[in-house]
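A single structure is presented below for examination.
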Amino acid sequence: MASSFGHSFRITTYGESHGGAVGVIIDGCPPQVPLTEEDVQVDLDRRRPGQSDIVTPRKEEDTCQILSGTFNGITLGTPISIMVKNKDQRSGSYDEMRTKYRPSHADYTYDAKYGLRAWAGGGRASARETIGRVAAAAVAKKVLNYLAPNLEIVSYVKSIQDLVADVDSETVQFEDIESNIVRTGDPKMVEPMIERIKEVRSKGDSIGGVVECVVRGVPTGLGEPVFDKIDADLAKAMLSLPATKGFEIGSGFEGTKMSGSEHNDHFKMKDGSVRTLTNRSGGTQGGLTNGENLVFRVAFKPTATIMTEQPTVSTDKEDTELKGRGRHDACVLPRAVPIVEAMAALVLVDHALRQRGQNAPLLPDSLLPSIHDVL
Amino acid sequence: MASSFGHSFRITTYGESHGGAVGVIIDGCPPQVPLTEEDVQVDLDRRRPGQSDIVTPRKEEDTCQILSGTFNGITLGTPISIMVKNKDQRSGSYDEMRTKYRPSHADYTYDAKYGLRAWAGGGRASARETIGRVAAAAVAKKVLNYLAPNLEIVSYVKSIQDLVADVDSETVQFEDIESNIVRTGDPKMVEPMIERIKEVRSKGDSIGGVVECVVRGVPTGLGEPVFDKIDADLAKAMLSLPATKGFEIGSGFEGTKMSGSEHNDHFKMKDGSVRTLTNRSGGTQGGLTNGENLVFRVAFKPTATIMTEQPTVSTDKEDTELKGRGRHDACVLPRAVPIVEAMAALVLVDHALRQRGQNAPLLPDSLLPSIHDVL
Amino acid sequence: MASSFGHSFRITTYGESHGGAVGVIIDGCPPQVPLTEEDVQVDLDRRRPGQSDIVTPRKEEDTCQILSGTFNGITLGTPISIMVKNKDQRSGSYDEMRTKYRPSHADYTYDAKYGLRAWAGGGRASARETIGRVAAAAVAKKVLNYLAPNLEIVSYVKSIQDLVADVDSETVQFEDIESNIVRTGDPKMVEPMIERIKEVRSKGDSIGGVVECVVRGVPTGLGEPVFDKIDADLAKAMLSLPATKGFEIGSGFEGTKMSGSEHNDHFKMKDGSVRTLTNRSGGTQGGLTNGENLVFRVAFKPTATIMTEQPTVSTDKEDTELKGRGRHDACVLPRAVPIVEAMAALVLVDHALRQRGQNAPLLPDSLLPSIHDVL
Amino acid sequence: MASSFGHSFRITTYGESHGGAVGVIIDGCPPQVPLTEEDVQVDLDRRRPGQSDIVTPRKEEDTCQILSGTFNGITLGTPISIMVKNKDQRSGSYDEMRTKYRPSHADYTYDAKYGLRAWAGGGRASARETIGRVAAAAVAKKVLNYLAPNLEIVSYVKSIQDLVADVDSETVQFEDIESNIVRTGDPKMVEPMIERIKEVRSKGDSIGGVVECVVRGVPTGLGEPVFDKIDADLAKAMLSLPATKGFEIGSGFEGTKMSGSEHNDHFKMKDGSVRTLTNRSGGTQGGLTNGENLVFRVAFKPTATIMTEQPTVSTDKEDTELKGRGRHDACVLPRAVPIVEAMAALVLVDHALRQRGQNAPLLPDSLLPSIHDVL
């Protein structure tokens, strides 16, 4: 049981890849926010299979329905239920999976945990599960428009295998990313990345890469000591995504090679605000946002499903072999971009609401004694 | 508010570095487990300042008291409260911090969040906060002895700056690590690492590095889809530690350069068990443990406190300068090792209890129909 | 936000009376439990409007769909989503409610809380919201069949206004209750209660009463000190139901008139078990079940909707009048019976799973030292 | 495990009656609230044994220490840990309890749940556990002074056995209650109640009664649909107290005898506010506060400890007898009054913070379109 995420903006997702539907309930959304199915659909379309010729050709329209929580296009403050029906189910493609565990998939571990699994498709471990997250994040972004009007989240493919994009996280725009089907932020890398994906796919193999995400215009003070630090919650959010193997923020693993005198971000007043001259911290100090950009990276391993014969074992515990079938992404990165963005939005809206609940001023400024005088 | 961690074995910590005490309440610990203050003290001593000549010489005895939850040395099933009083407080050392923000520390972000901070020391952002975690983990390890008798957690310094230890995670022993004061697993790296720390300290500078952790003898099926995956919870646990900037499991960021045919872990029967021939997954597939070793790495940035003058701003929002004072670690890695181990233990015991609650068999095997026949 | 209930068997409900659907997600259900839509439907039919001539004649078929969490009729351990589409919406009946607050309804308080409300029907405050609870409880009861095979929950109308049923909670059977449309446990009261309801309805008025619930065959030790006592969670569960104003367990309010020497339940061995000679405790001591029957009562106020003109105020904050319209229950008690039973089942299954998670033996009896020897 | 209560203002308590200490951690308290140990001590003194000659003469000074979360007398926003050391332990008085279960106490159920218990005293089931609640509530009331400046909580003894106090909940003052040692609101009942308690005590027997609580000046809209209704959370809070057997709000059980036309609270504008002409709802409609007074009652059974020989069973499962020893309250009501008040304060502060988090306006009024125009 862990189908819920978030403390104050709390989502609960459900759905196997080949059941009746996948979806999400959002609990704690503020009232009076305009919200329609179109608002949600636009993001679902960005994660949808079949959207370009470098992603899986599986046809899933993924049309959402808002079942509750709005009235005449406005949120009520009550739980918002969003559902996407499952279609295009060719469970015949999966017959062999009934009795054999796909390597580096969750078939074996689900069986080990629960004693059974929904073998017709990936079940709950399918990437289809992320539909609920993306739908919820579409709502989260609407709320963030009010709570943090300057906040913008841009994520993009930073690398595919050894192909590394050169992107300026300070300036890269959402439109830059969406303008190319591989969703990278470096125009020079678009074609090489596309070529690489097509080449690998033609061999029946798969590849991975890194998604980078920047959040600009972040209010200061978001994050909760000591366990729900903003970086801790982002790390959990990202590692909860299928196929992820790593998370780093700011200077990350490379930063471990620096000395403190090189690494520290010095403070400097700028236009009346406390700012830092560098951003090796990646926008967070002590687990709380410091007003600089949040910049983090997420590692995605190569897709486990490949079209070549691989050694494996059967549910009867015999050695055997299995060859991937069906229609799969040779590289999940282009479709991972909106999902990383979605998880970032969910973390941020939750922390923005938590901050308001606990730390909004108890008294108007005019009535407050100066705390610093007292201390 | 986020002083609690865990769902079924739930800890809640408290304490500023310069208040009355730091400590933890553990809720949900199984009854009938032998537990004394000595069991806890041994781990507190491993994280304690002043334990060797490469860590901060601050003298803190950190003697723990168990205030509740045991009776005649046995756990009652009720909340276990463990307290360590604060001592050795030289708040005079901190006077300048009252009015100046230390670069890359949490001084500014706490002020931005709460409108005030405990300026006499690091407050809640002090590494002293981890005492509660380590104390709770000492209890967790006692419980794991019963729930997963073969489980062992070994963590060690994998690198300090560019000094990389060569460690075999399959075989490295706890005693190997504890036998050297830098807590690395590579005998050849002990002296170079110690030298590097002393050299950096002599300059008033600081350095970071990477801690690697291996968990062997893990039961299969631990972790909860889809948000509380074992890797997601480990990532959160580690990024909630002070000074961490990254987490990776199994092949991690390097794995993003491989192809699926290279990366997949093929299954193979061995002694009647389903095993994998390689372990690029790092012991988790679909967010659930697969019985192979959990292997992950955590990046620690160089300590923010350095003894040289640095530009910063004052609480009055003026540009100024600040020089570090007091007694600090030039490199936190040796003391980070038991803390990483502690967080791993807390994640594992929580998931072991969750697994038992939901997924222990409802019927004896003899009465169960074969699920695979039904499906 | 508080659409979730339960710690280990956790339900999250959604739905307004006049939106797309109402439903529930159940998270934490054990795997391998047979479950079909028929299992759920039978309980939904017991709470359905239009089931007899003393309840509202509104036609709602309330047909459920299981959207996830089962595979070939068996639970997977993953979240179970159950949906009931809304039909028969005559929102025309509700036009006046757009601008006027119905007395003793939630119209005004929802507006005060959220700044708007779904005025076309009762919105989230409609009794229709309980569909998700009843559906979840149907699943809970399937699980309890395994976790506590002797457990049985029987609830019944104890009183309607001054008409008090004489029921022996030790022996009353589920079939006795379901055999009469008013769902009382006293055959002599069936006709008087039915007559009273019809008489009140003919005047356009409404009445309330008390539901009593007994749970027999309860395992000992369920309930969690100190806040999630079994009686505390039952009280919350019942007071979370629409129209409830009171809860008492065992001797309840009457017991406050007794002395301790009269009230105490003396222990006595019986067939090798520790039992009590009386049950004024109502099956719980120190918040934990003691193996005796849980017996509690829930007070339901008279339905707020009546067909006579009443003073009220408008959304423009003017005094005005309003007369109830539409098709409503003059007495909710017969339909409240399965809902009280449902909430009891949800509390019990949650505590049974929690108990197993924390307190299942860590060692086989044969390996355990005698705790009582140690203590 | 259930030592925590509250969602946004979350308390976690610990402590057996005869361990090292009892106490509480408060997580989520807003920063910048003045708070000293004196603020807490005054309420602890009101629940303390030995405060008058009708309560237990046990001497417990119950002196509190604030271990964290404040700095120079002001809350930091970080967890507040408050501890009270245990003293005056005469565990010799309890030797017989090691092997015999006290009737209507939690001795047997704790053994049944955990397989052992802290037999030297009541352990976690001791009323001493409420110290943490009262300490936390002292903090809660400080916060409520800011969040809801007009809010006042007054609780008092409504009845002891058949002695019923006549109290006007609209006007009764805190000082009226505290001015008499039995803490009732009816001057005429002070002496009779005191006499009754002394008489019963002289016989070695015990008695129970009802505490009534009124909360005036409540903001509208507090409470969370559908499970955390204000009445549901109050019910849980009260039933989580030792010795409670019932809860009712507003018209309660008596209200079930009325018709809807008698029971409904008609709305009426008054001084520009929406008010009700009667308050049978007890201040809550649809689970949300409507601005009228919250009025509820809590049933306390007679104390289980009496000084006469009673049949019981031994831990060896043999029939035996046991006579109460030690110093106990013959009537807990006078000391229950501040505890009921405490739990009410904890529920209210939690809901006030939750309300602010989710439902504080997203835009200034001037920028908001009129929602009612849109709908």
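Letters A, B, C and D mark the chains as written, and numbering starts fresh at 1 in each.
Here, contacts are C-beta pairs under 8 Å (C-beta built on N, C-alpha and C of every residue); 3 or more make two chains touch, one makes a residue touch a chain.
It should be emphasised that the depicted structure is a prediction, and the values quoted were computed from it without experimental measurement.
Q: Could you tell me which pair, C-D or B-C, is linked by more C-beta pairs in contact?
A: Most C-beta pairs in contact, of the two: C-D.
Q: Comparing centres built from CA atoms, which chain ends up most distant from chain C?
A: Farthest from chain C by mean C-alpha position: B.
Q: How many angstrom lie between the centres of chain C and chain D, each centre taken as the mean Cα position?
A: Centre separation, chain C to chain D: 25 Å.
Q: Could you put a whole-Å number on the gap between the CA centroids of chain B and chain C?
A: For chain B versus chain C, the centre distance works out to 43 Å.
Q: Name the residues of chain D that each touch 2 or more other chains.
A: Those would be 1-4, 8, 13, 28, 31-32, 71, 74, 77-78, 113-116, 119, 124, 225, 354, 358-359, 361, 371, 375.
Q: Give every residue of chain A touching chain D within the complex, in rising order.
A: These residues of chain A touch chain D: 8, 28-33, 71-74, 77-78, 143, 146-147, 225, 353-354, 356-363, 368, 371, 374-375.
Q: For the complex, which residues does chain C have touching chain D?
A: Interface residues on the chain C side: 1-5, 7, 13, 98, 101, 103-106, 108-110, 112-116, 119, 124-125, 129, 159, 161-162, 200, 205-210, 220-229, 231-240, 242, 244-253, 255-269, 272, 274, 276-277, 280-282, 284-291, 297, 299-306, 308, 310-313, 315, 317-319, 354-355, 358-359, 361, 371-372, 375.
Q: How about chain A: which of its residues touch chain C in the complex?
A: Where chain A meets chain C, its residues are 1-4, 8, 10, 12-16, 19-23, 25, 27-28, 31-32, 65-71, 74, 76-81, 83, 113-120, 123-124.
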